[in-house]
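Below, chain A partners chain B and then partners chain C, in two separate complexes.
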Partner chain A sequence: MTLTQSSPRAATTRPGAPAGRRRGHRRAGIGTLFVTPYLLYVLAVFAIPLGYTVWISFHRFYFTAPGAHAPSPWVGFANYRDVLTDPVVGRSFLNIGIFLVINVPLTVVLALVLATALNAKMPFRSFFRAAYYLPYITASVALVAVWQFLFGSDGLVNHALGGLAPDPSWLVNTHLAMPMIALFVTWKQLGFFVMLYLAALQNVGKDLYEAASVDGAGPVRKFWSITVPGVRPATTLVTVYAIVTGANLFSEPYLLTGGGGPDNSSTSPVLLMYQKGIEQGHPDFAAALGVVLVVLVLAVSLITRKLSERGN
Partner chain B sequence: MLRRTASALTVIALAAGTATACARSAPDPADAARSRGPITVWLSNNAQELQWGERMVADWNKAHPDQRVRAQNIPAGKTSEEAISASIIAGTSACLVFNTSPASVPQFQKQAGLVPLNDFPGGAKYIESRSGSLAGQYRSEDGKYYQLPWKSNPVMILYNKKLFAKAGLDPEHPKLATYAQFLATSRTLVRSGATDAAIWPAPSSEFFQSWFDFYPAFAAESGGSSLVEKGEPRFDSPAGRKVADFWNTLYREKLAPQELYPGDALADGKAAMATVGPWAVAAYKDKIDWGVVPVPTSDGRPASEIHTFSDQKSIGMFSACKNRATAWDVMKFATSEKEDGAFLDATGQMPVREHLASLYSGYFAKNPAYKPFADQAQREVEVPNVAGSIDMWQAFRDAWTRSVVFGRQSPSSALHDAAAKTRTILGEY
Partner chain C sequence: MSTTVPTSGAAVPADAPTGSREGRRGRAVRLAVLLVGAVAFLFPFYYMVVGSLRKVTAGDLSSAAPSGLTGGNYSAIDGALSLGRSLVNSGVMTAGVLLCTLVLGVLAGYALARLEFTGRGGVFAVLLLVQTVPFQLLTLPLYVLVVRDYGLGDNYAGMILPFAINSTAVFLFRQFFLQMPASLFEAARIDGASELRILWKIAIPMARPALLTGALLTFIGPWNEFLWPFLVTKNADMQPLAVSLAGFLSNLQGTVSNPTGALMAGACVLAAPAVVLFLLFQRHFTHTNIDSGVKG
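Let's look at the complex of A and B:
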């Protein structure tokens, strides 16, 4: 068996080597051709803007009309100092912390449980799969209107709760606004994560479940001992993806709580970047905040990945 | 191979960057100031304004076939200001924008996006002769005009007569002159079940929302003070504190909701009153039976002494304009006495002209509903035309929502903090 396998390095020593090398070069050229559009795309919309953002974050900078000669002096870490001493920035990171603490575990648990249920033979399975996926592909603006109708002061939920309704109401309550956004995003994105888990579940061998059944394991035991470890790579992916998208939260506080209200209790760093950079004309501050966010998200994602893969 | 590919990609990226940089070219100011030819103007998406603008442009084009004007809506954005700012940076703004917010002028000026109108022969004289004493508020700190004050929408209190009657109040003589009367009327409106809210301004934290709750009331209470005067914030004062306490009472007693209404609360019958300008007359014509009164003051001053926020919009000429001589002529054409009359007739909004009520007395005799707005237009307060204007408004708004709307700080200490922050911002610019 091993004799029939030849490594690429071994192949180059055979008499037909020049032709093989040409073929290899040609294939590499075709490969390069295929990846070039994507590389250009990454350069244009990610690498160059990111590099420019880092440059802006170290300068006193504002956007000007073409041909205008505005000085952009080097200011070292001054923009970072402004960012790190701004109480609203601190509040926005705390808000994201609250968001992630609620959103990420809820997403992982609900998505896995639902995917396991939807993977089993059950009536109307396709309908349920589509139903969970529907919020994910529906525009946030439309869903926000539904939530405002449900959770507004005069909304359906408060009518149902009567005297037990919170005061101030859900979306204008400093303690409830961010948890409400976390719940909204969890519900909206659940369908996508369920799909990821459903795909992962197809790779868990059925023979494992059969063997466990023979050994007398019940559904809960099989879930803990076979399903959970079997989809661990997917759990890592779901966790990291949920953290990254959560840290980039924008639409929901922008639309659901009227621009990060009440009193900045649902402001997110990305919303703040938009307000400072676009609305208030401070792209240097926004750039420094963006760099801080990128570094923090990278760090949290790496730690999460390490922790979730530790058992592998 | 990889190194060669990386080098090629770098070259392509540099070429793309250079091409983009070249696309951002600007016209030579001296040549552009003398140049005539086709231009583009942007109009707001208000239906009546569009109707007037398209007719005005058609008249111009008929008389000047060699200098054709193309009218377009301002590109879509959350606000016109964001769309205009983006177009300045890209070098794609129209020659003239008939909806330039005075609060954004210092920022556009800093971005080198605006053409100073003093550079045209007789520029300053034209603005001052048209707008009289009102013009001074629109001069920038360097003494130049970067905007032509065009039209105002003096903010007053519009109320729904039907809801007042439903609450057992006299809709023809509403008691809304003093703070005590306004609050008592509001309590009756809400507690009678006639309406969900007495008044429902946006409680959200965008910097410009204070123009429709605090600022008109402050202009009235202070006798015409601006947010900042002679480099000093004016709102941390007895007048500012009275206004803040008044609005805080409305929020605390749930006469004004803390939530953003997803629509038009007055038109939907969810609120009995709103702070609006004369644009609302046409907008609410077929929706509600309305009345209008001046903004209240603590002691109920007579209407003839009450100031308010102008909610004014200017015409700006933008630096991307290549045919500025034509643009300046169009600006004067669109703000001539005849066109101002046509604009008033089409929209009900007030051209920023001295002696407006007497100049167009025929119009106001035919349309008495607009007369209170015309009278009010003679006592308007503009946003301060200083660098850092938006930063100051944001600092103020943050303090306002924290204290007045949500009660997390006392209004007086929040105003004090906002004043300190305003001084810092003024010092930085």
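Let's look at the complex of A and C:
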């Protein structure tokens, strides 16, 4: 934002030569012209849908064939009441909670461990970096297919565990389905956070470690007093990302646990929006759920950022 | 695992005395942690490839061994969901997004960095805001608009629209144009070059690394995307590979003799382009992601 002040042209045209000013006007028009396609895109894909979803959420709304129009009567907060009293919606929010409780600590600990291990001259360093990053750039659908195969009732993991295999198996077990989704997402995204922590570690001053050594601090003390506070911005980002990811889960519950099953134990708000809004034809309900979700996600990530800023 | 943290955390500087016993032990612990990590990350990929090549793809312990290999699973998945057609659809969708981002996104990035116009600060604020709004939360109204109002269901334009201009890439282009020396642009302007010419002749040739990174980042999104194309393509002939493979995963499996093998073959084909691009241009992937991540 601050960089908007530092345009190179501002100084050159200020003397007010008529030609310069005319050229300035022409170029100003060009700037507007250059950003117009992007603004139209934002309008079509973000602004209008956002306004539309709020509008739908206050009306009784039906899908109609293209061109046909059914009346959409105003219903006030009725859709919101339906959303907030729906037990399955409650379950989907609980599931985000389960997701966060598993995903955030696991991501922070594992990413920090791997990043610290990578942060030195090591053999095969770039090989390790590439290996960790691979799931992050690979399509969810492909990875879900392998996980289903690995963790299926008759899969490799259960064969390896023998008598210790859970019954019912991982992905069809009421208590394990949601934790498995959390585990899958942690695995898929960990590489991104390893790189994030690795970058954050470069900003932790080496002199701090040296000074601490001189003061006789041990490795544990140095880790907690220097490394952990030093990478706090990255940790905040992990939390915010996890909230956004949790609120947006769709492919995983839809494909990995067969449509949020068993008994909605792994359902997610976006999956519900799809099932209620498109499969069952209640877009008004889905729109209200979407608005609730946008508000919650923005509020929670704002609070997280504020809290961690205070922590600094 | 947590006990290894302090040891490795303490030895952060690369100049730790490697000759000493402590240094050597630290290195060994580090390497062990990294190896365990690599196995956890890579094994599913290995298992996917081996599963796609085995005549019998089952979950027993011997299934991880590369034996009894065949290419039959690839022809089976091709028969079940016409791989070529799906790949063309994925390709058209991805190419459309790339084209829009590289043309319209570069124009926007250049204007935000190098041109003055009313409301530039506002446009930049919009750019930052858009990156924080989760797109999935807007899928329902977008679906109503695109399929019902615009009539773009089962249509490439409808598939491309929500991803058309990648905001992260626009941000990246802006940062890159901003870093270029101002004198270059001033000189060209004094010579009377038009902005389009300056962009084409000066800025773009210098911005090649940013364009490559932007293109790679942009590629991953639509190629891997499932939810949106799943919603707007009901006609199997229009479905990109992620969608047709997901369909096979949930209900088509009975149609071939080794369904898991065929599924793994499809997963390999879906994963391959992104993995190959990543291995070729690794540096360009990781660097910017971190930069934009930390700043965003």
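Definition applied: the second predicted complex is superposed on the first by the 270 of 312 C-alpha atoms of A that agree within 3 Å, B and C clash if a C-alpha of one lies under 4 Å from a C-alpha of the other, contacts with A are read in each partner's own complex, and residues count from 1 in each chain.
Please note the rule applied: a contact is a pair of C-beta atoms (placed from the backbone, for glycine too) under 8 Å apart; a residue touches a chain by one contact, two chains touch by 3 or more.
In this text, all values refer to a predicted model and were calculated from it rather than measured experimentally.
Of the two partner chains, chain B is the only one touched by A:172; chain C is not.
Contact with chain B, but none with chain C, is seen for A:280 once the two complexes are overlaid on the shared chain.
Looking at the shared chain after the overlay, A:187 reaches chain C, while chain B stays out of its contact range. Legend: residue contacts after superposition of the two complexes on their common chain; A:63 is shown touching both chain B and chain C.
Of the two partner chains, neither chain B nor chain C is touched by A:92. Note on chain A: of its two partners chain C and chain B, the one contacting more of its residues is C. Of the two partner chains placed around the shared chain by superposition, chain C is the only one that A:114 touches, whereas chain B remains out of contact. Within the superposed three-chain model, A:297 lies in touch with chain C and out of touch with chain B [touch as defined at top].
When the two structures are aligned on the shared chain, A:103 is found in touch with neither chain B nor chain C.
By the touch criterion defined above, A:44 lies against chain B and chain C together after alignment on the C-alpha atoms of chain A.
In the superposition on chain A, the residues of chain A contacting both chain B and chain C are 28, 32, 39, 44, 48, 63-66, 145, 148, 152, 154, 258, 278. Looking at the complex, you find that chain B touches chain A at residues 1, 5, 9, 12-13, 16-17, 24-26, 82, 85, 88-91, 107, 110-113, 196, 202-207, 257-260, 262, 319-320, 390-391, 394, 398, 401-402, 405-406, 408. Remark: chain A residues 25, 28, 32, 36, 39-40, 43-44, 48, 62-68, 70, 88, 145, 148, 152-154, 168-169, 171-172, 174, 258-264, 275, 278-281 touch chain B in the complex. Only residues 1, 3-4, 7-10, 12, 23-24, 27-32, 34-35, 37-39, 41-42, 44-46, 48-50, 52-53, 56, 63-66, 109-110, 112-114, 116-124, 126-135, 137-150, 152, 154-156, 158-160, 187, 190-192, 195-196, 198-201, 204, 206, 209-210, 218-220, 222-223, 227, 233-234, 237, 244, 247-248, 250-251, 255, 258, 270, 273-274, 277-278, 283, 286-287, 290, 293-294, 297-298, 301 of chain A touch chain C when the two sit together in their complex.
Of all the residues in chain C, the ones that touch chain A in their complex are 1-2, 4-14, 16, 27, 30-31, 33-34, 37-38, 40-42, 44-45, 47-48, 51, 57-61, 63-64, 104-105, 107-108, 110-112, 114-121, 123-127, 130, 132-145, 147-149, 151, 161-162, 164-165, 170, 178, 182-183, 185-186, 189, 195-196, 220, 223-224, 226-227, 231, 242, 245-246, 249-250, 260, 263-264, 266-268, 270-271, 274-275, 278-279, 282, 285-286, 289-291, 293-294.
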